[in-house]
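Here is the structure we will look at.
Which chain is which? They are A, B and C, in the order written, and residues in each are numbered from 1.
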Amino acid sequence: MSADFRLKEDLPELTDRIVASYHDLGVGHHLGHCPLPNTAEVCAIARDLKGVLFPGYRTRQNLHMGNIGFHVGALVDSLHDRLTEQIARALRHDFVRRAKQADPDSEPCTKEVDFEADGQRVTIAFLNQIPALRELLVEDVKAAYEGDPAAASYDEVIFCYPGLAAVTAHRIAHALHSLGVPLIPRMIAEWSHAETGIDIHPGARIGPGFFIDHGTGVVIGATCRIAENVKIYQGVTLGAKSFPRDGEGRLVRNAKRHPTVERDVVVYSNATVLGGDVTLGCGAVIGAGATITESVAPGTKVTAEKPSLRYRTAG
Amino acid sequence: MSADFRLKEDLPELTDRIVASYHDLGVGHHLGHCPLPNTAEVCAIARDLKGVLFPGYRTRQNLHMGNIGFHVGALVDSLHDRLTEQIARALRHDFVRRAKQADPDSEPCTKEVDFEADGQRVTIAFLNQIPALRELLVEDVKAAYEGDPAAASYDEVIFCYPGLAAVTAHRIAHALHSLGVPLIPRMIAEWSHAETGIDIHPGARIGPGFFIDHGTGVVIGATCRIAENVKIYQGVTLGAKSFPRDGEGRLVRNAKRHPTVERDVVVYSNATVLGGDVTLGCGAVIGAGATITESVAPGTKVTAEKPSLRYRTAG
Amino acid sequence: MSADFRLKEDLPELTDRIVASYHDLGVGHHLGHCPLPNTAEVCAIARDLKGVLFPGYRTRQNLHMGNIGFHVGALVDSLHDRLTEQIARALRHDFVRRAKQADPDSEPCTKEVDFEADGQRVTIAFLNQIPALRELLVEDVKAAYEGDPAAASYDEVIFCYPGLAAVTAHRIAHALHSLGVPLIPRMIAEWSHAETGIDIHPGARIGPGFFIDHGTGVVIGATCRIAENVKIYQGVTLGAKSFPRDGEGRLVRNAKRHPTVERDVVVYSNATVLGGDVTLGCGAVIGAGATITESVAPGTKVTAEKPSLRYRTAG
């Protein structure tokens, strides 16, 4: 009693049908000689960047002032080479995509562009931002500690807070996005989304001292602008009302469609703020579960009138 | 100053107490000679299946029309053997479970059934569905691209969208569920739930062109039926109202208790639709945060009357 | 055409600037000779503990009554050594933190305290709780099976239910928290939060037979008290109203700020219960999406008056 391996004789025919489906459907495979960025490598790069931004916590312990220079020097050297390669791949892929979008029948000539040189230029510009990124992130650590009475220390925030993990990944992704890197920022954002349940589009601009508590279910759209010292809770959406379409009914892909949040704003759990023309003024407080589709004046506290509760006693 | 290893002399006695608790409590261990499906292997199989469904993206790069046949042929061959073994284990486990449920004192004789042969039969039936699954999934990719103005390309959707990852895992799990495979579909669904925050029961029937945006917190129940070109957002629940119980107060485990969703429906973020007798008619739009417990006519847009907001100015 | 490696000559200067930022910012690095707990090792310990609590499911299969004693004995022996080391690290780190908090200029002398001996004492006390933890968890397994008509068997619950995974991690984290272990309980809680989307603070006290269905987005605060046979659904927050501050405007970090939930309570999806002075009485039922900020009497069913729905027909 066991599997009958003669039945496996039909598998080659099945393989042929599967391969034929790659031909026939067109979409849904990437077969060709132009390598895509590698997801596993991009995630490994993001993890190593975290080790440079917050040294001594996770990826490598027992660091001290006597060996930290060697450790960081070796990481930066390796990050240079690996990021250059992945960004070059993303740039080549995007070049081909744009060319095919402009003329589907074209055979884009990728030999004319030096993607490696462009990738290296962007990589060096990005790595040079690490000290500035650390300044932002230290403000984020302090904001988390100040904002949560359950936090016992900065170290606990760095070790344990998914909100800080998500903001760290976002600041990396946003820096790469701002330098015009395609695809890789989104890969980093979704790696972080999977780890934390917090979904921040790399396009969102976020000031220092940003704190997300608990965080699961948070969505922050691509064209959000968030100033300093903003605090938001689990389940908050900063999203779009509806999508503008052009004359032919196609989505317009670059309009501002997500809110602006000024400094010192607090948005409590599961509140929803929608629309590119909505501004939450400086110091505004949005109550749990409120739905906001119009601007809120500075210093205003908005709470949703709670629906009346109906009580019934069993029996 | 260090740990005192003489204190470890009590550990054997502790071990005895732990092992005794396996005897005494009965529930909560699986000790015996009937191997269960292996979670790590089931997840590895699901990942390899994704590599066949969307070749060239993650698990293996640098594929082209000259080597894809070898690559897919080798994967299909390996998937045949590994799936056969895991499904045979799941069938044996379920056989014993049912026998014990019918008669708790029985010693089910598993020698009379050829679980390996049954496992192979189901595996081959499943693998033969791969081309049809790819057709469905290509429609899902197109729907995601059409539905999100932030998506730059089909490749970004396949690489980065948790909604597509969840629907891919669901289509695999649902196909196995429909072939009567126990346990393994749920293992695949919860692997995907952990990765994406999207919880789709393998029993749910979902048509082509299904798009979940952002997705964290989405719950789709076991008896949902969803037609083509449906779009839902983060935090949406398609759930049950309450559970029917039989005369003895036990849950009835097979009634339809989740909604039916017709084609071209959109359900915005954090809306909740409850009940097996609820149908969202063709083209209906459900606004963010609405709670729906009755059917909605085709072409109808339903929004929850927003609770009035209370504004207070600080100071 | 490739990267120009002469451009790498600037990387050492960048490394210097990064290292200087560790000096200058102070916060955000852990450089020194006092090792922190290791996240990867803490997660490996938590996984091995699950293998002792529910043997035969994931980490090791093919266990039976003839070999289980050896298997558990070896695991317990290894867990003793590894937990002792990690807890000693956490105790040393917390000792230094408290000393620096009391006097920022102090050089705390860690040689006077035998952290290893303390770590071992706590570890043995913890390991001795394993049989009692199993009794609680078996009640949790039964509650999940009883509470979900889609569950086919106890084995499915143990294999597949993120709610059970989260409660298991919580019972481990809470036992360590109650023994005064710093940092490690939070590391375990956030490891579980990342896997399940369920965020339970290790401080929360939870009785037997606790069931969380679906679970994504659930938040349970540090000072919650939950009695036996309570059931909650996805998106439920048991949280704080606002944080009390002391005379100098600093957060008070130890007040009871989260609800008390008596036995047999059910809280349906996306309901929010806020405040340390709120008690949900025995047998109370809280409807989906309700916001509760005052106590609910025993046996009472509370539903939020649904906002009236507005229907518009397209065209």
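FYI, a contact is a pair of C-beta atoms (placed from the backbone, for glycine too) under 8 Å apart; a residue touches a chain by one contact, two chains touch by 3 or more.
Predicted model, so just to flag it, every value in this text is computed and none were measured.
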| item | value |
| --- | --- |
| Angle of rotation relating subunit A to subunit B [CA atoms, steps of 5 degrees] | 120 |
| Shared interface numbering between subunit C and subunit A [over half = same, under half = different] | different |
| Between subunit C and subunit A, distance of the C-alpha-averaged centres to the nearest whole Å | 25 |
| Per-residue overlap in subunit C, given as positions that touch at least 2 other chains | 197, 216-217, 235, 270, 306-307 |
| Subunit A-touching residues of subunit B, taken from the complex the two chains share | 52-58, 61-65, 68-69, 72-73, 76-77, 80-81, 84, 88, 114, 116-117, 119-120, 124, 127-128, 130-131, 134-135, 137-138, 141-142, 146, 148-150, 152-156, 158-162, 195-197, 214, 216-217, 234-235, 269-270, 288-289, 306-315 |
| Residue ranges of subunit A in contact with subunit B within the complex | 1-4, 7-8, 10-12, 14-22, 25, 27-33, 35-36, 38-40, 93, 97, 182-183, 186-187, 189-190, 193-194, 197, 199, 201, 203, 216-217, 219, 221-222, 235, 237, 239, 243, 251-253, 255, 257, 270, 272, 274, 283, 290-292, 296-297, 299-307 |
